[in-house]
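Alright, structures below, take your time with them.
Below, chain A partners chain B and then partners chain C, in two separate complexes.
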Partner chain A sequence: MSISKESKHAFDAAPWSGKTKRYDIVKEGTIALAVVAIFALFLSLLMGSPDETPLTFKGWAVSNPDNFYATTVQELAGTSGTATYGAPYNKGAEGLNVGPLWPQKWMGVTHPIDSVNDFVISPLSTQVMSTEIASAVATWKAAPDTQKQDWATAYDDAITKVEGKISDVPAGAYGPVPALAQGLTDMAKGGALDAALLSQGGFFQTDNTKQILFFGDGSYLDDAGTAANLQGGTWGMMNETGRYPGQAWLWLYSFWYQIPPFNNEESKPIGANADLYIMVLMGVMSAGLIFIPFIPGVKNLPMRIPIHRGIWRQYYDENGIKRRKK
Partner chain B sequence: MSEMWTAKLRTKWQKELPIEKLLPDDQPAYVASWIYVFGVLTLSALAMIIASGIVLAFEGPAWYHTSDAGKFTNSMHFWSVQLFFVFMVIHLWGKFWMAAWRGNRFRTWATGAVAFISSIATAFTGYLVQTNFDSQWISFEAKDGFNSMGVGAFFNVTNLGQMLLLHVAFLPLILGVLTVVHVLMVRKRGVVPPIDAEPALSNRGPQ
Partner chain C sequence: MTGWISEFMNHPATYLKIGWLQISVSNLLVILLMLATFALAVFLPFPKGHDDTQEPRT
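And now, the complex of A and B:
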C-alpha cells in the first residue's frame, strides 16, 4: 500500500489513536534526576574540578623581567598587539573583513585603549615615584608626540636587535623610555600593577579588559597556554587545564582552525581573516542545524539510513512492518 | 464573554494543552526505547546545573578557590554541565535519526536546536567566569572572534562583570524559557509516530 505525502503528514500530525501503554512520566523524571545527581556526585568526589590559579603581572615581571620590560617598551612605541589591534580598542588596524563586509571597523572604537597612557603612564602615576621615575614621567609628558615616538621606536628597535636581552642594548637616544620601562617593571614586580591596571583610578571595577590585553602582549600568557596545551593549533579552547574535559561541544568551531586555509595567516583572503570566516561559517551551520527539517537531502537521511528500525524495533516486529523502499 | 482576552486564552489553553495531555498516564505503544530517556536526562542535568548554580551565586565566583564546600559545589556544577551536554547531544542525534520533526513538530526541533546553541553560549560564559588561569586564557583568545564580527562592541569577553551577569541571569533565562516551550511543544503534539508507521493499524486493537 502506498500512502500519499499529504496523508502521511496528516497521520504523523494527528493524535495517536493506536495501541497505548501505561507510562509514568513523573516517576521516570524522578528516577532520571536521582541517577544524574548520583553521577554528578561521583564525578565531583572522584575528580573535583579544574582550578589553576590565575597568572599575575607580578609573576610575569619576576619570572621574565626582560620580556615584561620589552613589552612595556612596545606599548610606548605603539608596536604591541594591543596598540596595533584596531576596533573595538583603537584605530591601530582596519580589522578583519569578508569581501566588502568590515563589521569590526563598522562597529567602531567602543572600548578605547591607549596603550601608552592606560598601560604605562597612568599606572606609574598612581605610585609614589622615585625622583628618577618622576622626572622621566614629567619629561615624557612634556615632550611633543613625534619626539616620544622617536625615543620609543629607537629603543624598541634596539631591543629587537639584541633579541630582547635588555642588558645588551647599546646606549642611544632613548629619552626617558628606559626609566619608564624600568619603573613599570619594578612596580609589576612588587605586585602593584595588577590592581592599578584594573582600577584605572576608580573605585568599583568589574572590567578586566585592560589587564587581559596588556597580559597577552607579552610571552608569559602565551607560554603558559602552550604549556597547558591550550593553543589554537592544538584545539585551543576545547581543552581545559589539567585532566579535565573542556568545552568539547566547540569541536566543530575549533576544527576549522586545524585545517588550511584557516590555519595559515599568510593565505589571503581566508587565512588572514580566519576568525571572521570561521564565525560566519559557524553562523551558517547553526542556522543549518535549526532548519535541517527543510534541507533537501539531509532531511531524508533518517529515512534512507534505517537507524529507526532499531529504535522502534518492537513496534515494527509486533506489527510485521517491513521497510519501505525509498 | 468570548470577547474577553482572559476567557479566550483559557479556552485556547484548555483546547491545546489540557492537563491530560500535559501529564498523561499513558503513551503510544511504540514509545519503547532507551533513546526516549535522553530528553528527560538532559532536563535532569539542567535542573542539577541550576541548583548548584544558585548555591554558587550566593557565594560569588571566587568562593571555590578558597573553600572545600565551594570547590565541591563548583565540581557538581561542572560535571552536571558535562553530563548535560553528553545527554543533549545523544538526544539530538536520536531525534535526528527519528526525523522527529515530522507531523508539525518543526517548532519542537527548532526550540531544541536553539536551546543547544544557547547552551553553548551559556557554558562559554561559565568558563570565562571561573576566575582562574583558564578564564584568562579563554578571554584573551576568544575576543578576536567576537571582535572580528563587531560583536565585541557589546559582548566583551574580557569584561568579567558583564560575563558574570550574562552567565547567571540573561543566558539561563533564555535557556530556561526555551526548554519550557520545548517540553510543552512535545506534550502538545504527542510523541512522533515511527517512520513507516501503518495508519491502517492504528485504528485496530485495544484503544
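And now, the complex of A and C:
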C-alpha cells in the first residue's frame, strides 16, 4: 500500500496515538546528572587538567628582553595595542563598527587604562628606585605632555628602524625614556613587575586585565598562543593546550575567521571589523535557530528529512507509514 | 595530578590540516563520539517489556 506524501505529513502533524508510558523527568534528569558527574570525576582523576607553565613578566623579560623593552617604549609613546585600542580602556580609537552600529564607542570607557602610568610609571614608583631611575621618573613627571610625546615617539621610531634590536639604536634626544624602559625591564626580570601590576586594584585582586593587555602588546603572549595552536586564524578558539580536547562546539564561530573577507584585517569594512561582523552573524544565525518553527521552508525540514520516523519506526511501521521510498 | 596519562595529555597535540581546515585529533575524537552517540540514539530500538505502558488512546 502506498501512502501519499500529504497523508504522511498529516499523520506526522496529528497527536500521538501510539502507546504511552509514565515518564518522570526529575528522575531521568537526576540519573543523567549522576552519570555525567561520575564520568567527569573519573576522567579528571585519570587525565588531570591542562598544566602549562604560567606566563609571567619575568619569563618575558628574561627570554626576550629586547621585545619587553621595545613594548615598554610603545606604552610610553602611546603606540601599543592597548594605547590605541579605544573603549572600554581609553579613547585611542573609535572601535569596531557594523554600518551605523558602534557598540564599543557607545558603551564608553568603563575600565580606564592609561598605558603610560598603569604599565610603566606606577609600577616603577612602587619599588625602591636607583638614583638613575628615580631621576628619570622625576624628569618624566615634570615634563610637559608634548615633550614626553616627542621623547617617546623619537625613541619608538628609532627602535622600529633597527627592527627592535635595542643595542643598535643610535643616540638621540630620547630624554628619560631609555632609562625608564631599562628600569622596567630590570624590574620585570627580578619578578617584581608581576606583583606590582596585580596589586594596583586592591588587597584581594582578581582583575588581570592590565597584565593580559600588557602581555598582548608584545610578542611573548602571541608566540605562546601560536606554539599552542590557539591563534584565531588556525581554529584556536576550538583548541586547548596540550592534547586535551577544546571547545569543539565553537566550530561555527571559529569557522568564519578562516575564510575571506573575515580573515584579512586589511579588508574594509568586514575584515577590519571581523569580530563584530562575526558576532552579529552568529547572533542572526542563533536567532534563526530559535525561530525555526516560524521560518517558511526551514520549518518544513523535518518533513523532508524525517529522522523522527527512524526513531519511532515501530510506531510508523505499525501505522503503515514507510520511512523511505522504495 | 601526575601519572603517565596526565603527562601524555600535556604534550603538544597532533593536528590534522586539510587546506584551511585544521583540527586536533582530540577534538576530532570528541566530535566523532558525539556523532556516534547521536546515531545510537536514532538507531537503537526503544527498550521493551516494561509493564507501565498504556494502550493507545482511542
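Rule of thumb we're sticking to: the second predicted complex is superposed on the first by the 274 of 326 C-alpha atoms of A that agree within 3 Å, B and C clash if a C-alpha of one lies under 4 Å from a C-alpha of the other, contacts with A are read in each partner's own complex, and residues count from 1 in each chain.
The rule is short, and it goes like this: contacts are C-beta pairs under 8 Å (C-beta built on N, C-alpha and C of every residue); 3 or more make two chains touch, one makes a residue touch a chain.
The structure displayed is predicted, hence computed values, not measured ones.
> Applying the document's definition of touch, where does A:A138 land relative to chain B and chain C: first, second, both, or neither?
A:A138: touches no partner chain.
> A:A173 contacts which: chain B (first), chain C (second), both, neither?
Neither partner.
> Please work out whether A:P293 is in contact with chain B alone, chain C alone, both, or neither, and reply first, second, both or neither.
First partner only, chain B.
> Given the touch rule stated above, what does A:R243 touch, chain B (first), chain C (second), both, or neither?
Once the two structures are laid over each other on A, A:R243 reaches chain C alone.
> So in the superposed three-chain picture, is A:L213 touching just chain B, just chain C, both, or none of them (first/second/both/neither)?
It touches chain B, and chain C stays clear.
> Quick check for you: in the superposed arrangement, does A:M285 touch first (chain B), second (chain C), both or neither?
A:M285: touches no partner chain.
> Looking at the overlay, does A:Q258 come into contact with chain B only (first), chain C only (second), both, or neither?
Touch partner of A:Q258: chain C, not chain B.
> Could you look at A:E28 and tell me whether it touches chain B, chain C, both or neither (first, second, both, neither)?
It touches chain B, and chain C stays clear.
> For the overlaid complexes, name the partner, chain B or chain C, with more touching residues on chain A.
Answer, by number of touched residues of chain A: B.
> Identify the partner contact of A:G18: answer first if only chain B is touched, second if only chain C is, both if each is, neither if none is.
Once the two structures are laid over each other on A, A:G18 reaches both partners.
> Using the superposition on chain A as set up above, list the residues of chain A that contact both chain B and chain C.
17-22, 45, 47-52, 228, 240-241, 244-246, 248, 307, 311, 314
> Under the definition above, what is the set of chain A residues touching chain C in their complex?
These residues of chain A touch chain C: 17-22, 45-52, 227-229, 234-235, 238-246, 248, 258-259, 307, 310-311, 314.
> In the complex, go through chain A and note every residue touching chain B.
1, 3, 7-9, 11-26, 28-29, 32-33, 35-37, 39-41, 43-45, 47-55, 87-88, 95-96, 103-104, 106-108, 110-111, 206-209, 212-213, 215-216, 221, 224-225, 228, 230, 232, 236-237, 240-241, 244-250, 273, 275-276, 278-280, 286, 289-294, 299, 301-303, 305, 307-308, 311-312, 314-316, 318-319, 321, 323-324
> If we count contacts the way the header does, which residues on chain C are in touch with chain A in the complex?
Touching chain A: residues 1-3, 5-6, 8-15, 20-27, 29-31, 34, 41-43, 45-46, 50, 52-57 of chain C.
> Once bound in the complex, which stretches of chain B touch chain A?
Going through chain B, the ones touching chain A are 23-33, 35, 37, 40-41, 43-45, 47-48, 64-65, 71-72, 74-80, 82-83, 85, 89, 94, 96-99, 101-104, 106, 109-110, 113-114, 116-117, 119-120, 123-124, 127, 130-154, 156, 158-162, 164, 189-207.
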